[in-house]
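Look at the two complexes coming up: chain A is in both, with chain B in one and chain C in the other.
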Partner chain A sequence: MTTTEAPLSVDKPRSSTRPAARRSNFELYSWIFMRLSGVVLLFLVLGHMLIMLFLDGGVHRINFAFVAGRWASPFWQVWDLVMLWLAGLHGGNGLRTVINDYSRSDRTRFWLKMLLYCSIVLIVVLGTYVLFTFDPNIS
Partner chain B sequence: MTAPTTNSTTADLPSDAPPVPEGATMVTVKIERYNPEVDDDLHWESYRIPALPSDRVLNLLHYIKWYIDGTLTFRRSCAHGVCGSDAMRINGVNRLACKVLMKDMFAKKGETTITVEPIKGLPVEKDLLVNMEPFFEAYRAIKPYLVATGNEPTRERIQSVAERERFDDTTKCILCAACTTSCPVYWSEGSYFGPAAIVNAHRFIFDSRDEAAEERLDILNDVDGVWRCRTTFNCTDACPRGIQVTKAIQEVKRALMFRRR
Partner chain C sequence: MASTTATAAEGTPREAVRPRAKGTLYRGDLGMWSWVAHRITGVLTFFFLFVHVLDTALVRVSPNAYDTVINTYKHPLMIVFELGLLAAVLFHAFNGIRVMLVDFWSEGPRFQRPMLWTVLVLWLVLIIPAAISMITRAVTELFGG
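Let's turn to the complex of A and B:
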């Protein structure tokens, strides 16, 4: 008869391997942010797609002049700015959750999240920069 | 039941097995098995055995263990859906083997095949027996006991009917792990507290006699707490006690948002 190598009792069954709660509301706020930004984005993105793809000739009329004309108005600038920030942070937070759920090792998790944060910062900052410094008279 | 035994190829049953009862049907039970002393990995094995409509899946497992292969390993104790020992994945969903009746499992046409797997997300020790320690570690972490300060009352701690009703649903938990091991978030990330731990935290958070609600809410507010829940409702579907698990988790979320009970 073979004997098993596994110990018959669990080692220190009462010792907790969890770190103490951090008393941070970050996860709470990110959860609320996802719901609120989702509702706002629904309106912003559907409006954006309606204007860009369907109304008044749709996608065929989009060119440099069309974009320049839109961004001459502060209303569309703010619309696009809010959409950019919300979409970037909403999508980024969603991906953060996916990475938290699915990465197997802490190192993979750390580096994937670093890559994610860098790309969010790059996209949001670059987009904001273009929105504020856009020059319709560029040659 | 007067129907004759259907599918009468019972020739390959062991000779010491009891006679096939009248009205029994031959079914195939496909079990995911693993013996750490022999096998490299989990593998499926099938058994053709007779089943009555009044049998439970647990009876079929007993038949296999008692008459075909004594090495089949699984937990069971009371066999009446109260002790919570025999949670397993039956036909792809988490159920207690002692609460699933065969009359609900027979195929409409052709021969019935039932698959039985160990619950997912916990390390398999042998066959259907898993290491429950990670599950109970999460359970202990939410302090599942009454915390009260001050002088102990000489008689019972008084509570109104409405106050008792507030957390009645979550007192029904039998810690079978069917909910936690049905949760896709728990499958991929075992550090998530899981539905069962949150249900048992809910049981004390909303108890008017308890004074550690804030502490438990802080624990569940962290990265491995309730915000990981994606409301897939797998836990509610899996609970053999009919606890509205997802609702309990949402109530803890609401308590965290508004810090009021």
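Let's turn to the complex of A and C:
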């Protein structure tokens, strides 16, 4: 068994070192969001992987022309946009929970979450930008 | 031992002898491992999502840049990676349904264990044909077909 330096304990609810509970339902809403987005993602992601990995030769048929053909249809544009946002937020919120659970010091926790939030913003904004400005005739 | 710490994983001898109430043990039980697996598969999938949005964003740079990077996914050995991703996503999806049933269905907690077996059977039923299909394709490509 590994030995740990910090005691595996939770501060007493009224201890002076424990910050007062914030009057916010954020964690409740994030809990609900994980479940609702999970159901939607189940269909979007498994459908996406079925199309991309198995149908019509799978990954071997994917190239620029294939993407251009798909994104000519609003259906696949909306599909990919919703999947991007839900996956980014669902995965990001999941990682936030993991960081909160395993960080040993507040400083590590803060910086890991900053890195996480920057990554989420980067991929969601970049992905949205690409979807809205895609140009099939780019050279 | 300090009274407030929760390090008593081994417990006192007397506790070890006393039979545990059925259905109350979580730590070290199958339910805990499904939770561990849910976390690991979720984190791995998130890392892939990050890479995948970046590689897809290359369609905005040039068709050539996109095709070059996407070609790395077509290498036969990449099926190991793609299969791993599929395995992670499938487990996370089915176990996620199980988590929701435990949370929202009044009988859910009682059936959490049979539901975990259902998740694993369903996972095997889908991942085995997927693996066969992908590996067959990779082998015929590697050794010519």
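By definition in this document, the second predicted complex is superposed on the first by the 121 of 139 C-alpha atoms of A that agree within 3 Å, B and C clash if a C-alpha of one lies under 4 Å from a C-alpha of the other, contacts with A are read in each partner's own complex, and residues count from 1 in each chain.
Basically, a residue touches a chain if its C-beta (ideal position, glycine included) is under 8 Å from a C-beta of that chain, and two chains touch if they have at least 3 such contacts.
Remember, predicted model here, so these are calculated numbers, not experimental data.
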| item | value |
| --- | --- |
| Chain A residues touched - chain C or chain B, whichever exceeds | C |
| Which superposed partner A:Phe64 touches (first chain B, second chain C, both, neither) | second |
| Which of chain B and chain C A:Met49 touches, first, second, both or neither | second |
| Touched partner set for A:Gly92, first chain B, second chain C, both or neither | second |
| First, second, both or neither for A:Val130, with chain B first and chain C second | second |
| Chain B versus chain C as contact partner of A:Leu28, first or second or both or neither | first |
| Touching partner for A:Gly38 - first (chain B), second (chain C), both, neither | second |
| Shared chain A contacts, counted only where both chain B and chain C touch the same residue | 10 |
| Of chain B, residues touching chain A in the complex | 36-37, 125, 133, 136-137, 140-141, 185, 188-189, 191, 218-219, 221-225, 227-228, 253, 256-257 |
| Complex contacts: residues of chain A adjacent to chain C | 1, 7-10, 12, 35, 38-39, 41-42, 45-46, 49, 53-54, 58-60, 62-65, 67-68, 84, 87-88, 91-92, 94-95, 98, 119, 123, 126-127, 129-130, 133-135, 138-139 |
| Chain C - residues contacting chain A, complex | 2, 4-7, 9, 39, 42-43, 45-46, 49-50, 53-54, 56-57, 59-60, 62-63, 66-67, 70, 73-74, 78, 82, 85-86, 89-90, 93, 96-97, 99-100, 103-104, 130, 133-134, 137 |
| Interfacial residue positions of chain A with respect to chain B in the complex | 2, 4, 6, 10, 13-14, 16-18, 21-25, 27-28, 30-32, 100-102 |
